[in-house]
Amino acid sequence: MNTAPRAERWSGYALLTVLAIAVIVPFLSVFLASMQPSGEPVVGMAWPEQWSLENYRNAWSVAGFSELMRSSLIIAVGVVPASLVLAALAGYALGTMRLPGGNAVAALFIAGLTIPVELIVVPLYFDLRTVGLSDSYLGVILVEIALFMPFSVFWMRTHFRTTPQSLVEAARIDGASSATILFRVLLPLARPPLMTLGLLVFMWSWNQFLLVLVLIQDATKRTAPAGLGFFVGQNNTDVPMLAAGTIIVMLPITLLYLLFQRSFVSGLLQGAFKG
Amino acid sequence: MGNKWRGYLFVLPALAVYLAFAVLPALHTAYLSFFDWDGVTLGSWTGLDNYAEVFQDPGLRGSVLNALVLVVFFAFLPILMGLAMTGLLARHRRPGMAAFRLLFMLPQVVPLVAVGVTWRWLYGDDGVLNETLSGIGLGGVTRAWLGDFDWALVAVGVVGTWVLSGLCMMLFLSGVQKIDTHLYEAARLDGAGAVREFVSVTLPHLRGEIAVALTVTTVAALASFDIVYVTTGGGPGEETTVPGLLVYRLAFSDGKVGLASALGVVLSLLILVLVYVINRLSRDER
Amino acid sequence: MTDTRFQRRRRRVPTAVCTLALALLLTACTALTPGSDTGGNGPRTVPRSTAVPDEDITLRLTFADAPVMVDALIAAFRKKHPRITIEPSYTQFADYVKNIKLSMASETAPDIAQFAVGMDDIAARGDILDLAPYRDTYGWDRDFPAANLEQLSGSGEQATTGRHLYGVPAGLSMTGIYYNKELAAKAGITGPPKTLAEFERQLAAVKEAGMTPLGVGALDSGGLHLWAALVNNMMPPRDYRDWVKGADGATIKTKETLAATDKLTEWSRKGYFNESANGTGQVDSTGQFTRGDSVFLINGNWAAGQLAQAMGDKAGFFLMPGEKPSARAVSSGFSVSYAISSRTEHPEAAGAFLDFLGSPEAAKIVVANGFLPPDAGAVPTPKGVLGEVAREHKRVTADEGMNHFPDFTAPNMLDPLRAGVQKLIAGRVSPGGYLDSLQAVWKERNGK
């Protein structure tokens, strides 16, 4: 590539920097607020006189964020593996086999890609009560799996469709069963898309709000975002503590994002279908 | 069982969960939308009355209109910004882009509730926005942005712009990388400037990405709930009520489950139609 | 080897998942007729026995008013019943009301909950217990004034039959206006106003002096308290109560309420409220008042404890004055009362806590936090702003001037009130249009 004219190059960077500041300022201000003395009014972006983790300790133990995080983790850990297994199985069949009516089934899944939570949450509240799954992690886990399933199946199907058919044929000629082909031949190759899918599903599960707000009424089982939503109502005067809670809720997903940035970014860009 | 059908053994688990916990509740919502039901006592069939109310009641209609206004902030602005940045950055490779990319995608990753809490405070009386405005001598325009009838919806919309711009930008930039560099060289040989190059080469090739971005962001705007719930709760007045908020409120505190269901159905249909139109347009012209 | 293992696993996992999913699918289908299976299947009323079993018991209590008072009550109760632990969980009022129906209907409902708007529906559904047997065994009709129990005997039809009892009052609440005596003196104000006209002159004087006259937390309920206070003093209480009760032909759109609503918009136009009233919650408006950001504050007695602590003698309290000095003392109020979930495993322990609320010991704590004890004679009147609240409350009680809060009209009345007053403050709706919107909600609830 040829080098750009100097002015154009610098204007590009200048603009990038401005946007970067726009992205950083909210994060930075909430972080700085979380470092102020507990209970004091915070004005603008003040540099704390003394750095202290006191607000974090309080939010974690007193305000119960440790329990909230545990609930979130339990749900995410339930949702992610199940989603991966179910989506890999279904995506394999729909992507590599000629099933009678297979396209219709695939279409049924794809039709669910844009289902908003608003469409299913009202009866779910009543239905889960009927089957005894209200206020339970299992209820939320099953609903989240179902909610993310269209994308998960779509994602794995796309992947399996692009793996060379010759691999499958060769294995079949060797006498391998469908299951063997999937587990011995295809899945080892599918690690990167599975990894990306797992991260995306984890993120959606971690960030889910409306569903949990309705399906979990038990304060001790609320997830981190739902807990934060309630916490705002209770503590809008104690900005430093609220800020610490906000950071705590954002931290796990941010760390995952930084650790697995490549998978994450590619997943978000390729699979921007749900958000 | 025929050999052909055996493959369904693989599909069945996923299908069963999907049907039981997504498709069935969706159908159940549609069914409930024909009832006048308070969630407690026996409901009564009211036919299409709930739908009539969704379209006639100013509050409910208003919430749909608010959501459409949010589309401007959640979808149009991020896409315009993304395209502008792409036009500026696409022609040349720039070192350090990976770091910017990482940063710009971050708002998309963290929980919207946390984003809402953060902005709620930025917009507050003593928040960063007002302090900055006072600092640069604009003390006269400071206000409680989220409590202001003229500005609340805009303020909520800007949060959406903040969340989704990075995604759009990165979507387009990665799309640009798939464009054959020869096309640019050819355009340059023809003496095309930056603008013409953008319009004649970049834009047409980004049609797919634009469609995806438009789909994602439009759905995010219409189905928005988290940000509104924590920033304004729908206020002041009904300036920022969105359908999602009303579905929640009608079903669970006002005891109007049927009406909430009808609103949910209308919202979903609106989303489906828009998504269909967007993807149809992007495909037809290709 | 490996192949067979895969095969076995293949069969086992999907079969299990399928069976589970299909079972759920089938059960869900039977629930398709709305309303066929809802309602509490548990007990509808507390057991006869009041004897608390001698074991370690934990009760969960959810509430929306006066966290400090609740903590103190719990601590005092714990001293008497060391084996009963009460875990309080506090939610702000607006969120509380939004959520209470769901949380009381859930399998993990808290054992004890603060009585709020919509409790009539919750009682009708069977999610809270009828306390009538305890009233008789504990003798609550002696401990608590009849009028206050009457408010808690709601039935599905909102009539007060008095046969049932769904809550027990800890403290009584009432709204009014606080003022900062120091700042008021700077504006030449020497004492609380005796008439509405005098209050308006004071507001103008404060404005003149370059300070913010009246702090209103209109983001949540502050605005509607202000509106109700104005209505209380212009609309005859009997008409207002008919409206709240849903009596035939009652209306909120009268000459008097139009005048009251006009007054609110006039004050807003004149800039008497804090500039960002619509973006300020009640808690925040109270915080600003303690910092001297406004001279007056509309709020309820529940803020008195906090104000006494933060401002000491600087804070004063008075009721929104009427047109004449001799006017009847009218205010809005209810009791901070608690109900027992029908899903509790320990109705006896919960009953013991409710009974404790009627004790002189509890009354002391209630008073210390700015609430009025159900039995006014039980404790001496406190000093400072708490005493001013108590004295004003006695005037209201003597004049039989306690009105229900307007949002008790219907479960979905809170939002139109909150949003409506915000619009009035911003000049986005005419007083007539606002009253029409309230009457429409009222009609939907009562006009069948």
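Letters A, B and C mark the chains in the order given here, with residues in each chain numbered from 1 onward.
In this text, a contact is a pair of C-beta atoms (placed from the backbone, for glycine too) under 8 Å apart; a residue touches a chain by one contact, two chains touch by 3 or more.
Please read all numbers here as calculations on a predicted model, not as lab measurements.
Undergrad: Just say which it is for the chain contacts: an open line, a closed ring, a star, complete, or other.
TA: complete
Undergrad: In terms of C-beta pairs in contact, which of A-B and A-C ranks higher?
TA: Of A-B and A-C, more C-beta pairs in contact link A-B.
Undergrad: Between subunit A and subunit C, what is the gap in Å from one C-alpha centre to the other?
TA: Whole-Å distance between the two chain centres: 38.
Undergrad: Can you give the whole-Å distance between the Cα centres of subunit A and subunit B?
TA: Roughly 16 Å, centre to centre.
Undergrad: At least two other chains touched by the same residue of subunit C: list those residues.
TA: Answer for subunit C, listing residues that touch two or more other chains: 10, 13-14, 17, 24, 28, 34, 38, 94, 99, 102.
Undergrad: Please set out, as single numbers or ranges, the residues of subunit A touching at least two other chains.
TA: 41, 85-86, 89, 125-127, 142, 214
Undergrad: Note the residues in subunit B that touch 2 or more other chains, in rising order.
TA: Residues 9-10, 13, 17, 20-21, 24, 28, 32, 39, 252, 257 of subunit B each touch two or more of the other chains.
Undergrad: What does subunit C use to touch subunit B in their complex?
TA: 10, 13-14, 17-18, 21-22, 24-25, 28-29, 32-36, 38-39, 94, 97-99, 101-102, 118, 121, 124-125, 218-219, 275-280, 411-412, 415, 418-420, 422-423, 426, 428-429
Undergrad: Would you mind writing out the residues of subunit A in touch with subunit B in their complex?
TA: Against subunit B, the touching part of subunit A is residues 1-4, 8-9, 11-13, 15-16, 19-20, 22-27, 29-30, 33, 41-45, 85-87, 89-90, 92-94, 97-100, 102, 105, 108-109, 112, 114-127, 142-143, 145-147, 149-150, 152-153, 178, 182, 203, 206-207, 209-210, 213-214, 224-226, 228-229, 232, 239, 242-243, 246, 249-250, 253-254, 257-258, 261, 264-265, 268-269, 272-275.
Undergrad: Okay, in this complex, where on subunit C does subunit A touch?
TA: 2-3, 6-7, 10, 13-14, 17, 24, 27-28, 30-31, 34, 37-38, 62, 89-92, 94-95, 99, 102-103, 105-109, 281, 283-284, 287
Undergrad: Give every residue of subunit B touching subunit A within the complex, in rising order.
TA: Residues 4-11, 13-15, 17-18, 20-26, 28-29, 32, 39, 85, 88-89, 91-94, 100-115, 117-122, 126-128, 130-132, 135, 162, 164-167, 170-171, 174, 181, 194, 212-213, 215-217, 219-220, 222-223, 225-226, 229-230, 243-244, 247-248, 251-252, 257, 260-261, 263-265, 267-268, 271-272, 275 of subunit B touch subunit A in their complex.
Undergrad: Within their complex, state which residues of subunit B touch subunit C.
TA: 9-10, 12-13, 16-17, 19-21, 24, 28, 31-32, 35, 37-43, 124-125, 143-149, 233-238, 249, 252-258
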